[in-house]
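Starting off with a structure, shown below.
Chains here go by letter, A, B, C, D and E, matching the order in which they are written, and residues are numbered from 1 within each.
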């Protein structure tokens, strides 16, 4: 039967060893995204940006004489659909430059490692670290929060003995972030007041009351944009004049079209490893221009940068693998892991050579801005705080 | 395992003592007492709303009495749940037919044998031989009872497709399938024509003769009550207004006033 | 103490919104004995229309149109589906509404896409200070609206011909028809009313303190389930009580999360369900629901 | 077409009515007539099709997955067959369903109001009238109807139907399950209702009272009119007495220990 | 005569079906096998909910919870006492033999159902449906918070099943007739056996004394009680049984997933199960299986062939994505079945078979109800009350 021949590595006519997803003239990349679930907006930006990258790479002759092609599967943030989609595309993909959702990646982690499929999760929890094939880009949530607390201490007058609040989602994202804030708070002699919520929660009044009651001097925010907006809105309305420091995923430029905008503009700060789309960096500016040309009228948010960057990381891994004459999956992963200082021109370089370390420990502090592309502008350049440098990242 | 349950299978005395039932703002039964002798047919009659069905509901555990006691075969029924009362051998039919319309007659009858059978989820699921044997044995008896009730050819027919009169007989057959020691019949011939009434009356008489069980009967058809009953209790507004043999009751002025009416004889015909 | 009062007030105010959603369930349940799982999508539809129209027509006109349109959507569901599903058991009809919900929600989320839509309400992020306690103005309005609407429905069900027709139909459609009651109209009107209520609820769900309507909005309708059921699915008073209980429980449990950490964090969302289970254990038909008394 | 269909356009005229439930025929070519102001009885055994006939008239067949296969029902010259139940009510024809079917969870008062919803106008007057007929309903006005006794429920059912001020009342076994006195009271009431000008089509199994009430009667047998005639004649006729009316009471003649041929039943030995 | 022929035909159909089922792993790729396995797991779960909702008239929206209990208990019983693969936190385990662990997991699901019996026995219809919603939320709360047992939000790795020395995993590798037999191929046969067993058991229950009793509880609760049925206990019993089916489905799912994640066991999963039994045809085992297959395979089919349906080419194009199309189709299917196919897929199948089959048999039989479990009300006015 047709099944008898598996995806065993072979060597092509050009002397390059190939594996699944690599043919004589094409390299297929699997994209497991969310276009219909809670992260649909993010998924859409990511996917479009990646397709932009493939187009550009192909226009420039492709990689290793082969064209890049993405197969997109939308799992709608449903674990079963993600597992099914992975099973479907795995035999015909060389790598996965986008995989949304840490529950989904977690569910497949073992198979991904067994398949040696270079996979870039679009989630930044520390639980995803530790494998050869799974590459978390940039910082993890905890690092961002550590840098955030450091920012509060340095720039916002938070001192030892103060209390800071942390509002976080149930799940991976929230737990990772909380880990970071607690670590930093411990080091600086602060106390963290925790409030955990679910993604279905809409109204943060009760949480604000609790924070206010506890007398927090600042609040870390690791939830979705809606909840962040509600939190900041209510707190400001109640006369709490304190800074809010959000994880990257807590902010969306769409919020600036809502009544929460004034409060956000006033006191919300976002920690991010990737340069904002408004950053005065040539690569970013070119990306914004290209993206706008290809997808006119579509919002340019942080997903665009993240997606394009991830595609570029995979592209570069493929190029490196091609140079090694080994486009088998194993070859791709090894090529990727051989880069201690990858720099796509989007800000800080990343180190892919340690499987148990985040690729970067530097976070930008950005603030909402109505007129800026992507809705944020840089407040402070990316930097690694001392706290973050010494931080021992929990793995797995 | 089932079969003759020593000392628990014969007819027994039913003693209703000062039973009172109240519903919000309404006393449906007030201190009603009567005794059903083993093996007798005892009728409860009375105008609509007198509390006859309520009395049945207390006896079968559907309603709980506010006070009073009901003793049957040495057990106090007022404290028991319906299925426990059923386990003592008390069976009943309903004034408003309560059968499963989708299920065929045989399944409705076999439900009556619930208390006599044991097959549970596991033995039925695994189709253990014991379950199958049990089923076959009891089905045979159910078929016998159906034959008796004149339902012989209808075992496979869904009850919902049967005419009213036949359904009433299915009700009776289902109650008989419980192999009761006390049978409560709530208006068994309501809605039947004369021929069917006679047939049903015959059935009840034969049940009493063949099985020797006690029957408690609620019925408005006075002709039938007078012929069948050994003893009659008359209720009115939840109170017992008379109790005695058919002859005594028939002539009781109170009963005539409250129930039979002066022209009872004509009305019945 | 201040915190407690503040949490209590927050709870009551969000509870009012839950009560409005629950009222929608109750209306349809009373009229048709069906639990309408499509209510969440009606909510989304109403909110979506208000949000889309509001920049063009202004808030009040948009609200009016949105409410009317949601009523129309409700009526359409009844007309195209529920009516034709006819004699199905109530369980089956409930499952049908799940199907409807899936279709509608999928399409609406697709339309909403990635946006967060503001509803353009006049209250903005204003808060009212009651002593040291603050509460959002929108929530006070919601409380007023919920109380008014619920009283209105209570009276309507009890005293108007419409209410009587509705209850009669729920109980026994054939006999209701024999009374000359037009079943189609009754059920259609119930669905229309539920749709309108959903739009009103959507309004209060999407204004301050929440930033606006997005694809996740309909998820909040889930919390109205415990509200509707612990009040009693066929009781309008129950909807109000249930909504308030859920709101207050949620607010207090969230607010005192730190003191209750042994229950696991995030207990605030689960607590309403716990309360519901406890109440159902004690009163299987909810606090105000009619216990079915069957006569045999 | 049955040859006996009387020519008239007043009153209720059923001609050649055929009804089936799915593939099961329940009525085959039934024709009958209720002259204005009359009480006409339809008798017949269980399953003869009496209720089916009423359902066909009142437009409720569809609730039972039944359909008219042929024939017409006309009332005062207009065609009823094919109309939905509310439309039939609007034309002044109301039915009291078999088994009473009061709205159990609503109060007596609300049941009466429900009855008036179809008719609309003058419901206060109708209510007065109904409560005059059935004073017990006034006493129980705020009790839930489901908790009334059978007789009380039957009164409520009739009273509820009268709330629409019908000119034609269809009664399906109104004495089903009623005590003799109550049955007699219902019969009286029917007479009184009729005296106030309402035509009545009465379905009964209790033949004697039905015939004493009605002026004309039909006997249905397996979906067909087997016999018809003035009530008095039927009541006097031998065949009717023997075949349908149970007069001379077969039960009396039969030994109580069961008809010959039936298997006796014994204790279970299982 | 015709009876013999129809029996022969049925035997033929069964044989053909069996042959096809055995041949499938040798021909179809992993994606299809996995889809099939999802469908098998769903079929088992759907049978459970069919027993509860279809036959006993009890609505449950908490089925996903019992799947979770099954899946997590299996992992807990089977996992080595040390840490699971790749987990930094040491999640506890008992290290029992896997078949025993699976059996215990099913039992645990039953016990969980039993603990809910004060509610499950007393409530009915919509009230129970919404009450069971609590299970989902409480369940997920526990799954997220009881980290030592559940692994928290990361879930736990699932130890592969091991039966008579055969490990249901990709390693050690196994090649049969030139086809590499990985975990999916191996699990296929196990899944098939479990589905058949589960279906046969459910049929036995429905046709036997319990089935009759369940139907009566659905149709007339008081009558059931008076006939000697302990109604509350029986309801609770059916709930337990249905939970155990859910548990078994959970175990199967865990084996296919190879990892348990709490996110999966949410409300949507429960709703899927309700949709399955309605689409399949309420109350019958065959219907539940058909519905399960339909609901689990449809989205996969659409996604798989999305490249041929010109939908996804441009994710931003605003067209219907396959996932959306699948959801809409699936929602519409629920509606359409109730509107146009009373009796569901199973009813349709039966009708097709009847149309094709011998008319003689139909005539020879006693009159039958149009569809034994179709939600038609009983034609009699007196079953109301």
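List of remarks:
We adopt the following convention: a contact is a pair of C-beta atoms (placed from the backbone, for glycine too) under 8 Å apart; a residue touches a chain by one contact, two chains touch by 3 or more.
In UniProt terms, the chains line up like this: B, D = ABC transporter ATP-binding protein; C, E = Branched-chain amino acid ABC transporter permease.
Everything numeric here is computed off the predicted structure, so don't read it as measured data.
Path length between subunit C and subunit D in the touching-chain graph (shortest route): 1. Both subunit A and subunit E are touched by C. One simple way to say how far apart two chains are is to compare their mean CA positions; for subunit A and subunit D this gives 76 Å.
Note: centroid distance subunit B to subunit D, computed from Cα atoms, is 28 Å. Subunit D and subunit E have centres, each the mean of its CA atoms, that are 49 Å apart. As a whole-number value, the distance joining the C-alpha centres of subunit B and subunit E reads 42 Å. The set of subunit C residues touching two or more other chains comprises 87, 106, 110, 172, 174, 222, 265-266, 269, 295-296. The multi-chain contact residues of subunit B, meaning those touching 2 or more other chains, are 53, 62, 94-96, 98, 161, 164. Residues of subunit D in contact with two or more other chains: 24, 65, 97, 99, 101, 104, 147. Every residue of subunit D that touches subunit C in the complex is listed here, in rising order: 58-60, 63, 65, 84-86, 89-90, 94-95, 97, 101, 103-106, 110, 113-115, 117-119, 144, 146-147, 160-161, 164.
Taken in their complex, subunit D has these residues touching subunit B: 24, 45-47, 99, 143, 147-152, 154, 173, 176-184, 205, 207-209, 244-247, 249-252, 254, 256-259, 262-270.
Those residues of subunit C that touch subunit A in the shared complex are 2-3, 6-7, 10-11, 13-14, 106, 109-110, 113-116, 118, 124-127, 134-136, 205, 207-212, 214-217, 219-220, 222-223, 250-252, 254-258, 261, 265-266, 268-269. Across the interface of their complex, subunit E is touched by residues 1-4, 6, 33, 35-36, 43-44, 47-48, 51, 71-76, 78-81, 83-85, 87-88, 90-91, 102-103, 106-111, 113-114, 127, 130-131, 170-172, 175, 295, 298, 394-396 of subunit A. Contacts from subunit E toward subunit C in the complex involve residues 53, 57, 59, 118-119, 122-123, 125-127, 129-131, 133-134, 137-138, 141-142, 144-146, 221-223, 267, 271, 274-275, 278, 282, 320, 324, 327-328, 330-335, 338-339, 342, 375-377, 381, 384-385.
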